[in-house]
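In structure tokens below, several structures.
Below, subunit A partners subunit B and then partners subunit C, in two separate complexes.
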Partner chain A sequence: MSDLASFFLTYQSLFSFIGLNSLLALSVYCTLCCGQLSLANAGFMAIGAYAGALLTQNAHAPYALALLAGALVPALVAVPLGLPVLRLRGVYLAIATVGFGEVVRLGFVNWSYTNGALGLVAIPQKTQPWMIWLALAVVMFALARLRGSRAGYALEAIREDEPAARSMGIPSTRYKLSMFVAGAAIAGLSGALEAHLTYMVAPNGYGFSRAVDMLVYAVVGGDAVFYGPVAGAAFLTVLPEALRGAARTLGLSPGPLRMFVNGAILLGVILFLPNGIVSLPRTLRALRLRKASRAALG
Partner chain B sequence: MLLSVEELERSFGGVRALDGAAVQVARGEVHGLIGPNGAGKTTLLNVVSGLFPPTRGRILLGGDRIDGLPPHRIASLGITRTYQNIRLFPGLTALENVMVGAHLVRPGDTLRRMFFLPSARADEARARDAALQLLSRVGLRERAHDRVSGLSYGDQRRVEIARALASSPRLVLLDEPTAGMNAAEVQAVAAVIRQVATQGQSVLLVEHNVQLVMQVCDRITVLNFGKVIAHGEPAYVAGHPEVIAAYLGTAA
Partner chain C sequence: MWQQAINGVFLGAIYALFAVGYALVFGVLDILNLAHQAVFTVSAFVALAFVAGGSMPLAIAMPVALLAAGLIGIGLERVAFRPLRGRSDSNISGLISSLAAATILEAVALQIWGPDVRRFPQGTFPDKPLSVLGATVSALQLTIIAVSVALMAALTALLRATRLGRQIRAVAESPRAARILGVDVDRVIAWSFFLSSALGGAAGVLFGVAFNSVSPDMGRSVELKGLAVIILGGMGSIAGAVIAGFALGLLEVLTVVQLGSSWRDAVSFGVLFLVLLVRPSGLLGKAAIREA
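Right after this comes the complex of A and B.
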């Protein structure tokens, strides 16, 4: 018992970050699952983090209320933002949403009320690991039940061929907007949870690289099913910890090694596992079958 | 008249693809739309289904104007379609494709599914059964769980027909539904088309297989250069001098 307990205690913060990164990856999945490449979620995360932190720090609001605001405020921002930008397709949507993220970041940098670039510090530490895991469980459950529903089929149809989906009577704009807003709420919630875990928020934590990190979790894990992004986030969050040990034995500094391995994994997944690491078993099975049939044919 | 297309014009740059075309489709009628390549047949289907708005003219469905409405609104008013260049959802199975087609007739169940309500499960089972039945109707029951990207060309067209019928539309627009099919498959599709009409639904059929058109259509409209050159019953249209001239070319 004590072994297991000490293992969890040692790695408690790592588990919390796996949960948070999984939530962020799922927020990106919300838009990916209907074919939209949006990079706005780092901006939504920032809005959620600041909204939650300001409520607990300045207004001494109950934590539940702060978390609710952390999800709702970015969701409200997502509606007027989504209506025009979701008309854009592919790379144009990505560029517009990167622009939004930068506007949010620079807005907080220049806002003296939130201490500009320094951000908020000494935020009360109110996040317990179970809260993160509960939030992740709820989001995963909702996405799992969405599959197979009328809306789930509509989202898959939009991802596969939006004009064809529209000619089946599917109001694609409404569905895309709903998932954009849902993604914003999830990103904002994880922002608020993270702020109350690490005691601080600063604008530069929510820049372009954060937006790309979330996307990489989802793509490496696999964006075809809801558990793919979670697998990707868990894998890429644990990896640096594992590499630290490897780097020490090799006598290398862990920082550059981590970036190199991350890049190599992303490249490998895109080239060999287009459906992410969750498709690895299926790909291996197909390979084995092909090998067996080739052997049978002589 | 169920569908009434009046003085329809549609230009692409300097090209006038439709130049005052008119088509009338009655309830329960199979209406053929034929004409040489580039006559504007597919353009007419695209405008009626809302893929793009007409430059001029009116489209009425059951007496109400529908021209210029977005495609999903037109579908919800009762017009669905298939595409000349097959537009199925390639990553989904045949069954899933047909279930997407049932979007308009399947009750919303997202919230009910979150709470595992039995009514949601019943609705899902009903939608699945209806989709399977449609696949049987087009002869693809045993292919239901295959991904459509792996199906033959003719099978994909039949899935598309089933998908278009899944919302029980008042009017189905079929754009060359038998292209790439063998004779037996063509006859199977002909039977499906006739069956749709006997249920009171209407069909607007664009088709190059003249024999099939003569066989299944109640009336035919012939387009050439975006204009109607003849319309009426198959026998009348087949003997019309302008139709013969358009298809075979006039003697110089």
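Right after this comes the complex of A and C.
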């Protein structure tokens, strides 16, 4: 028992980051599940983190209020952004949202009130691990309820074929916008939670590579079901810890090795497991069945 | 003002050269190759390795680097794009697999050359300042402008007048029709990747020479600028990418002069955003396919 307790204590921050990254991956899943590739969530995360941190640091607001603002402010930004941007399809949407993320980042870099590129420091540490896990549980519960509901089917229809879905009377713009806003709120909330866990926010932490990281969690885990992104985030957050030892034995620097393995995993998943690592058991079973049936047929 | 215009053209030439590679692949495959920036970086390192390690003159090292970049491009197409062809969501999964390939290339560059900024040895290129109509320009800047314009002109000539160029344009128009007419589509796509990556590699070498600094993350900022350029020019339009590249270079220099250097990057993304909202087809792009 004490072994287990000390294990949790040693890896407490790792578990917190698994939770945060899972939330971020789910924020990307919100748009992916209706077929939209948005890279705006690092920008929303930045807005949420700054909104929350400014409230606790400068206005001494209660933490619950700061977290609420962390989710609401980016959601409010997402509405006027999403209306024009969600008309764009495929890579155009991806590029437009990359542009949005960079504008947000550069806006904070140039904003003297928040110390420009240095960002905010000495933010009070108010995030407890249970808050992250509670937020994750709530989000996962909501997304699980969505699956199999009327709205869930509508989203799936939009993902598969938007013009067809629209001709069936599904208001695709409204659904896409709702999920875009939901993703913004989740990303903002995890931004506020992270800011009060690591004591600092700096604009360069929310750049293009952050947006890509979130996308990678979701894609590697599998973007067809709500638990896929969580699996991906957990896997890719734990992986660097495991690779540290491997890098030492191979005589490579851990940074490049981690990048290499991340890239290779992403490539392997997109080529061979389009539904992510959560579909691995099913794919293996299908392979085994095929082999068995071939053997049976001689 | 004249001086600023020259600086803008200089910057724009590199942006245009980089973005033309994006436009070529997008025009042919409808895929945004986000590994383009990694090829840009690796190529600069290859040139540097031959100049610094092999003590070759840059005039020989650069073609070698271009060839290397082109071959990486062919490899990328084989590994990251060809297996996805025919999948219904291939433009999104292609984007993701190009991201994966970029990460792998960057990791390799980081492992081989380390994270620090490297410089070309002294005397690799002339840096004597010249005076052109009252503005100061270095011979190096003029060479860079000349080389990139020549490469873009060569690409245009190739697309317009050669057999391969006609085949590339046919595949861009409709891969299926091209195949029916006997075009080896896979071969044409591989060649497009070779050309695109070689041009991206050339941009990388010129960028490294221009600022005399080569680092594993040098492609990152150019990548996002390149996106702004192809959106402004019209996705898949080569001429559009050239015009937009120069326009963005001039605009950036103007912003630095008027507003200060911290707003420099914001301009390109402001432009990108505005174009997507107001005229998603860009300056010279074809309309219709961009909206649902």
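Methods note: the second predicted complex is superposed on the first by the 298 of 298 C-alpha atoms of A that agree within 3 Å, B and C clash if a C-alpha of one lies under 4 Å from a C-alpha of the other, contacts with A are read in each partner's own complex, and residues count from 1 in each chain.
Note that in this section a residue touches a chain if its C-beta (ideal position, glycine included) is under 8 Å from a C-beta of that chain, and two chains touch if they have at least 3 such contacts.
Values in this document were obtained by computation on a predicted structure and should not be read as measured data.
Student: Between subunit B (first) and subunit C (second), which does A:270 come into contact with in this model arrangement: first, second, both, or neither?
Tutor: A:270 contacts subunit C only, not subunit B.
Student: So in the superposed three-chain picture, is A:162 touching just subunit B, just subunit C, both, or none of them (first/second/both/neither)?
Tutor: It touches subunit C, and subunit B stays clear.
Student: Please indicate which partner A:106 is in contact with in the superposed arrangement: first for subunit B, second for subunit C, both, or neither.
Tutor: Touch status of A:106: second partner only.
Student: By the touch definition at the top of the document, which applies to A:64: first (subunit B), second (subunit C), both, or neither?
Tutor: neither
Student: Under the stated touch criterion, which partner chain does A:85 make contact with: subunit B (first), subunit C (second), both, or neither?
Tutor: It touches subunit C, and subunit B stays clear.
Student: On the A-aligned overlay, A:134 touches which partner chain: subunit B = first, subunit C = second, or both, or neither?
Tutor: After superposing on A, A:134 lies clear of both subunit B and subunit C.
Student: Which partner chains sit in contact with A:260 here, subunit B, subunit C, both or neither? Use first/second/both/neither.
Tutor: Only subunit C is touched by A:260; subunit B is not.
Student: Of the partners subunit B and subunit C, which touch A:98 in the superposed model: first, second, both, neither?
Tutor: Second partner only.
Student: Spot which of subunit B and subunit C makes contact with more residues of subunit A, would you?
Tutor: Counting contacted residues of subunit A, the larger count belongs to C.
Student: Quick one: is A:215 in contact with subunit B, with subunit C, with both, or with neither? Answer first, second, both or neither.
Tutor: second
Student: Going by the contact definition given at the top, which residues of subunit A touch subunit B in one complex and subunit C in the other?
Tutor: 163, 172
Student: Which stretch or stretches of subunit A touch subunit C in the complex?
Tutor: It comes out as residues 35, 37, 84-85, 87-92, 94-96, 98-100, 102-103, 106-107, 109-110, 162-163, 172, 208-209, 212, 215-216, 219, 252-253, 255-260, 262-264, 266-267, 270-271, 274.
Student: Quick check: in the complex, which residue numbers of subunit B touch subunit A?
Tutor: 49-51, 70-72, 74-76, 80-81, 83, 87-92, 96, 99-101, 103-104, 106-110, 113-114, 120, 124, 127, 163, 167
Student: Where on subunit A does subunit B make contact in their complex?
Tutor: Residues 141-142, 145-146, 148-154, 156-157, 160-161, 163-172.
Student: Residue numbers of subunit C touching subunit A in their complex, please.
Tutor: Against subunit A, the touching part of subunit C is residues 31-32, 79-80, 83-84, 87, 89, 91-93, 95-97, 99-104, 106-108, 110-111, 115, 220, 224, 227-228, 231, 235, 262-263, 265-266, 269-270, 272-273, 276-277, 280, 290-292.
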